[in-house]
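The structure is given below, and queries will be raised subsequently.
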Amino acid sequence: MFDPQWLPTIMIFLPLLGSLLLFLAPNRWRDELAGFVAVLTLGLGLMIWYTGGSGLLGLNWIPALGITYSVELSGVSLALALVTAFMSFIAVLYAARRIPNPGTMLALILAMETGLLGIFAARDLILFYVFFEDALLPSLLMLAIYGKAHRMRALVKFAAYTLFGSLLMLVSIIGVRYLGGSPTFALVDLKQNLVTGPAQTWLYLGFLTAMAVKLPLWPLHAWLPDFHEQNHDSGVPDVMGTLYKVGGYGLFTFAIPLFPDASLELRPILMGLAAFTALYSAWVAFGQKDWKRLLAYAGLSHMGFVALGVFSLNETAVIGAMYLLAFQNLYTGALFLSVGMVQERIGSLDTRVGGLMTGAGALGGMTMALWFASIAVPGMAGFIGEFSVLLGAYQVSPWVAFAAGLTTIAAAAYALTAFQTTFWQARPLGGIAVRDLVHTEWLILGLPLVIAIFFGVYSAPALNLMQPAVKSVLAALGGS
Amino acid sequence: MLPLLYLLPLLPLIGFALLMVFPRLFPGKSGGWLATGLIGAAFVVAVLRYLGQGDTPAQETLWTWLPNMALNANLSVGFYLDQLSALMALIITGIGFLIHLYSISYMGHDARFTRFFAFLNFFVAMMLILVLADSYPLMFVGWEGVGTASYLLIGFWFSGRGSESSDKDLRAAGEQEGVNNSNAARKAFIMNRIGDLGFMLGMFLLYKLYGTLSIPELATRVEGVNVATAGVELACLFLLVGAIGKSGQLPLTTWLPDAMAGPTPVSALIHAATMVTAGVYLITRSHFLYELAPNASLWVAWVGGLTALYGALAALNQHDIKKILAFSTVSQLGYMFLAVGVGAYSAGVFHLLSHAFFKALLFLAAGAVIHALHNEQDVRRMGGMRKFMPFTHIVSAVGVLAISGIPIWSGFFSKDAILAAAFETQPLLYLIGLIVALLTAFYMGRWYFLVWRGQYRGAEATGVAHPHEADTITKIPLGILAAGATLIGFLNIPTFLGGGHAFDSYLGRAIPQEAHEILPSTEWSLTIFAVLAGVVGLGWAYLQHRAKKLDNGPLGQFSSSALYLDNVYDGLVAAPSRGIAGALDTVDRGTDGLIGSIASNAAAPGGLFTLWQSGFVRAYAVSMLLGTAAIIGYWALKMVGSGA
Amino acid sequence: MMIAFILLGALTLVGGVITIAARNAVHAALGLVGTLISVAGLFATLNASFLAATQVIVYAGAIMVLFLFVIMLLNANQPISGRDPIPFVRELAGLGGVVLAGAFTILAVSYKDPRPVAEATLALGGGSASVIGETLLTRFLLPFEAVSILLLVAIVGAVALVQRPVPQPDDVPDSEAELLTPPVGSAISRGGSQPVLQHQSLQHRNDEGEVRA
Amino acid sequence: MVPTSYYIALSGILFALGMIGVLTRRTAIMVFLSVELMLNAANIALVAFARSWGDLTGQTAVFIVMTLAAAEVAIGLAIIVAIFRKRETTNVDDLAAMKG
Amino acid sequence: MLQAPDVALLPLLPILLVLAGALLSTLLGFWVSRRTLTVINIVTVILSGAGMIFLWNQGLSSFAGGLQADNAAILLGLTILVGTLMTLLVSLDTAWRARVSFPEFDAMLMYAVTGCLLIVFSGDLIVMLIGLEIMSLSGYVLATLQDSRRAEESGLKYFLLGAAGSAILIYGIAFVYGATGSLNYAAIAAKVGSVSNLTPENTGILVGGSLLLLAGFAFKIALVPFHQWTPDVYSGAPTTVSLFLSTVVKVAAFAGMLRVFGGALADAPGWAGVLQILTAATLIIGNTAALLQLNFKRMMAYSAVAHTGFLAMCLLGTQALGGAALGYYLLVYTLMTAAALAVVAALQRTETGFEINDMRGLYYRHPGYAIALSVCLASLAGLPPFAGFFGKYLAFQAAFQNGYVWLSVLAAVTSVAALVYYLRPAMLMFMPDRTPAKEYTRGERFPTTLTIGLGVAGVTVLGILPNVWYGWVANPAIWQLLAGR
């Protein structure tokens, strides 16, 4: 009989296979093929969910080095994988509609999906690292092929920041195994052989650098605005880029179990940094005149919350952080796409064009609803995340939670200001008449919104996935 | 079998969903009727639940929701019905129904008629969630939900009503209106968010103190768990910040007058009768905490008193027919805060109830006038409207009498109770309350005389020579509300007037009653002072009217600029934060540019490097030789050093 | 013995100094010859008689003649005047040399013979041709053979460099082949001063004088 | 018997001299001559060590090194001649087109 | 009495086969066309490889330990042969354009390989030295062979500095001999193994000698500050030659270092400390300098320097791990560098290669080569799933495990610079471009494509399934016997 343990593996590599097939497929079938693969991947994910998460599949990959192929999709990782599969599908949907001759873009989306799913499924540090870097390549190519005039700068910055962090992480990974004396790099083995003492702190810092770049966390965030600003106007690469912000997940799955003492020790500083990131970037977002940059900073601000939750090591906060991480992908991604739609209609990403909603009510309405999700209006998924993060963080450090809480005000300020100057107010004389949503665009914005609302109201399915996983991870800390 | 509580928010939510997603299914005014009908149905549910209510509160849990709350069980979505929430549900659905009805006529010509009702339904649903919530987080859902609805409705005319016009001037005015409306909506949302942060912090602290956020559980746990008073005080202050934000109290008050940018029914429903009273509701709901926190309660009372004074002063010289009412609302809300601050929860809620009636009435009447005058809102261009709109005039007069605290009308009873409670605990606040009562009577008198009496002054400016009386659909809510504003006071006739405190004793089953220890003689004198204040105020207004000086009320610019509070905020908060945002953006790009220019330009190290990699083979040999010499020399030195 | 060492050592160094300091290349080469012969003497004092002979015959004789020949051929005996393009090269060289010499001296002083020198000397058998030959053909057989490859490389390489063979055409399509043929007479450009910069503006022309479309 | 150290010191100084020559001489041939000095220094050291150990390996190695030197000279002079043909210079500083 | 020399030709077989190719090229060149000779050489190289595989696990040695055909030698020898094969294949297409298409070119190439194999199979310092000299002299000739000013300049620079480097190396050999009384790796290792065997006072001479050896080798593998010839030679020589020099010759030099420092002098004090400083300097200078280059070929030259730094980290590891890491990394390095330079050789218009900016839009003109080149660059940058990542990983691990944590961190940081300079051309290739093509349009020929395919396939397969090669090199026993028995 078929072993369900293999499902994650199939789910991971199916998009890559699809991506390679796209090069062979005739031009006119590419959209359908890509969509089919994306749906199939999502279906597989749902199947894993339906069967209650997969078990751990552990194979020896490079026995001589103690590197294993360990994958598992359950708990938090399954939730994130599902969101990834879903948003990849949405991205495929929009890319097929928006980008002329989209074959390459679709292939890159699928290739990146493989990397992202791999990141979430990996239960071996080296495997994690490999997928972590694998996702980088398609992302770079999207920027290179479809980016804007100053993309080289953005590209170099993005790659340099990412690699700077991840190479330090690589050193830490090596250290984790050798200083701890684990036989393999598999998480289960590493957990049995923890590094102790000051070495743990140093290794944690190495790990942290990588994750802080990918979170991103101030001051390692500078790549993010440029990355989004220079990416293709459609916002499709931005969706994938948003999905790639996996720092919070990495910290949660690997850093906390492997560096329990260090994460406790550094908790105050890191929480402060995370709160600062949230507030700082929200404030910077307030000053942005370009939608992509604004969304970049908004996303950064969310990531500050995610980081705050993870760093606080409080159960509620960590669950909230994971919840936020998973669902912010939905609305942030959809917002990028809505910005792409705006750009398609008026050829501008400026936040001060004014009056779009007069012509495009549905587009404006959906965008507004997504913004409400983004600024954590209750009843949307973002609220559960942000509220839990703040609630949990407050139990640990009230002042930091207060500082982070200020972000909610700033978020309202930047979101509503930009929304108002773009969609509300009067359309200036001579402005291009704006077409409303058509065809699949309804789905592209509607589906994420519906899911964001559903999980904001009825969170049990997602919480049932995440809560036990978080509890077991935090149990390693000795019940703090 | 009583209908389940979740029907209350669900019915309007269904309306919202239908009207949002399938607006095409509801041509003409059918959407409005659907929405109104659903609210009516909700009102029926509320009445049924009210009638079927026992002494023990009902709690109905739907499903789990927030992670890890309340002793590691997930926090649930659940509704809680006690006397307080039943009353609130009645107010919301009842007055909501009337205002929906009114809106069918008022918004009849608007292009986005159906959308308006969707938003209204959404608001009512959120408000019901707010009052029925069994936990603070769920209440927060409603709390922010009504904020969102308020945002949507204030910004309903986001592009201005004339911005599509071909006429240049009209278009310019429309564009300006669009910007103003949008700004007002945003301001309301952001200021509410400030309050919301306070509310959230309050929740966090409560959770830290008691480990739960479920209201009934908290209420019981407060008695059992011993925590430092300072903690409770702080939590109550946090909650107060939340209440301040929502109820437009000082210092977060400036959004409320601006919120009048929304359509008039919105002002009546949200910014007078229901949403803004949520702060009062929150504090009343949290009475078990405030009882443990005397200092925080005192803060509440003072905030209320000062806001009442502020609102009254600012209302003195407004020229917008709705802004006068808006500042009046601020002021009246201050009264309610004062009441709950001094522990007179029942009096506060009672004033909430009566205020809901008369203020909704006044707003709707004002709306009728605005409608009749084709969107003219400046009271200086009105006057003599009683001739054109007799029915509306009568109901307006009822409203003015009610708010001025003239006996038999509801305002008299509710205000009197508050002033009595204030006198008992904080004489200074009583004095303020009394002054505010006088001012209230004056500015409402001014409003009345300017709009309804004297000569019609606006024929030229508005282009409406003969304003028409409101239609029937408009008159029905006005009539019902006027009746309510007149009669509702009799629900709670105080003992010294021979009443039985019916309202107090009903509410007393849910919230504690202040003990009345005032002598009847004192009560009498207090009542006389209060009535006197109302009469003097109205008389003062009449005298001014006779002297034709009402156009410009007292205090001049100071009052019409709302005590310059907006300017202060703009200077202290808004402008600096915009500046800081710009500066931070520059810094963010700058640090980045710095790193970038080092990396990309690399002129200095690059030049150095070219100098080194000079292309001369002997230069390369120099590196080699010096390298070797350094290595060997290092070793030799080490050997000498180690004494070999 | 010591006197011989001092004498020969001094001669070696003097020769070395002449080699590196003489302005005329021929003088320098002669200084090197002096050094080489002195080194041969040193070999002799170290019981390496065969090597001493080889040093004189092969090194000082054959190799140095080759050197002188080339110096004369290339007319390289005149010193190069003008500013040295490398700043401080003499100072740096002096510094490096002094450090190296000092360091080596320190190392040398630290050296202790593993066994008594007199006894060890006997084991060398005088370093005669026969003992060296025996070592070469037994323990050093592989190096001995491998060195022949080295010499072969030297011969083939030197010939190939001095008389460059003609490149054999590829089976390139004709049109390309035409373009690729090096133009006649452009192989040598005189002067030798920075031809690259002069031609940089002409993209189709590089410093190898190739002309490409 | 002269101590081995003396020979080693002598060879070290000779080696350093060779190095200095490599740096200061500006003609390719002279640079190469200086390299010969360095090779000779190595030879002295080898022979001296061979005596010290009483082992013929060192002396035989010198023999090999001499051959190496000869081969090197052949190639080196060929390169120098080849360059001279094209540029008519033996100044190594003239060959500095590639840099940076 | 005359003892019979220990002559066993079987272990010499691979070397002899290559030498036969070289001799055939030298002699048959008068009658046979160069392309035929190249094909013959390819055959001899493959035969030599087969010979090595035949010798696998036999652990043969001959000439009294002067020649070691142990597994380490075979693994490194195979790596060298792979590089040679790729060079030969590329030269089939580009030698004419580089104007080096004559039999002597092939002959010198094969001589150089013979020298390389001698180093790899060497059992004592003299054999190693001779191999090194054969390799170097052939290398000097190869670099100069093209009739152009650039090639001659690079040849002279290479030669003059190389001669000085060799002199330093020989001086080092003399000192090591002085300290241990032997030139044989095993004997030296035995002497060094326990310092009691060594005349205690002579540790100074031993360390001095090993440091001189280190300096000499540092020149051959291009460690800072002995690296400066590298960019000039690699960018001046024909690209095919650069390909050869930067892969085969470097592999051989590393093999020599592994033999000497990982085997004979493994236990000697002093050198590791210096090597780590040199490695650190190499990492910094190499990567920074590559960042500043505008010409792709020259950038690849600096990248070779930078990679020396990463490779040298392996030498700092313990014998078992470091040797295995080096064994893996060298093959991967050969594959990716050779394939990348093969693309340059195929598409360049002149032997200067092309400017990085000229690569814009290459993907749309030569999709296959562009993808291949970007795969190689990604691998060079150390991005998974390509083998370069595991190379880097192993290097980090080797250094880390032996306590050089700071070096690993430094290497990680400098890798970022590496990424940047590899990324720029890789991404430019995918950026659409409207300017006319700057590269040679007919460069795509079968042998080159085969080479590139070999490189890309190798890099990918070894990246996804590193065990294919690492499984062979991982056995610690291989590397603990580097000095021979």
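Remarks
Note that the chains are named A, B, C, D and E in the order they appear, and that numbering of residues resets to 1 at the start of each chain.
Just so we're on the same page, a residue touches a chain if its C-beta (ideal position, glycine included) is under 8 Å from a C-beta of that chain, and two chains touch if they have at least 3 such contacts.
Going by UniProt, the chains are D = NADH-quinone oxidoreductase subunit K.
Being a predicted model, the structure only gives us computed values, none of them experimental.
Steps from chain C to chain E, taking the shortest chain of touch contacts, total 1. Taking the mean of all protein C-alpha atoms as the reference point, the chain centroid lying nearest to it belongs to A.
Ranked by the number of C-beta pairs in contact, the top chain pair here is C-D. Here the CA centre of chain B is 75 Å from the CA centre of chain E. Chain A and chain C have CA centres that are 63 Å apart. Chain C and chain D have Cα centroids separated by 5 Å.
Chain B and chain C, compared by their mean Cα positions, are separated by 94 Å. Looking at chain B, residues 599, 609, 613-619, 621-622, 625-626, 628-629, 632, 635-636, 639, 644 sit in touch with two or more other chains.
Annotation for chain E: residues touching 2 or more other chains are 126, 130, 133, 137, 140-141, 144, 149-150, 156-157, 160, 164, 168, 175, 178, 181, 201, 204-205, 208, 231-232, 292, 420.
Shared contact sites, meaning residues of chain C that touch two or more other chains, fall at 85-86, 89, 92-93, 96-97, 100, 103-104, 106-107, 110-111, 113-114, 139-140, 143, 147, 150, 153-154, 157, 159, 161, 164, 187, 207.
Pairs of chains that satisfy the touch definition comprise A-B, A-E, B-C, B-D, B-E, C-D, C-E, D-E. The residues of chain E lying in touch with chain C in their complex are 2-5, 7, 19, 26, 33-35, 62-64, 66-67, 93, 95-97, 99-104, 107-108, 111, 114-115, 118, 126-127, 130-131, 133-134, 137-138, 140-141, 144-145, 147-150, 175, 178, 181, 199, 201-202, 204-205, 208, 349-352, 442.
Residues of chain B touching chain D in their complex: 609-610, 613-618, 621-622, 625, 628-629. Contacts from chain D toward chain B in the complex involve residues 19, 22-23, 26, 31, 92-93, 95-100.
Only residues 1-21, 23-30, 33-34, 36-37, 40, 43-44, 47-48, 50-57, 59-60, 62-64, 66-75, 77-82, 84-91, 93-94, 96-97 of chain D touch chain C when the two sit together in their complex. Looking at the complex, you find that chain B touches chain A at residues 20, 63-69, 74, 77, 137, 140-141, 143-145, 148, 151, 155, 158-160, 163-164, 171, 174-175, 178-179, 181-183, 185-186, 189-190, 193-194, 196-197, 200-201, 203-205, 207-208, 577-578, 580-582, 584-585, 588, 591-592, 595-596, 599-600.
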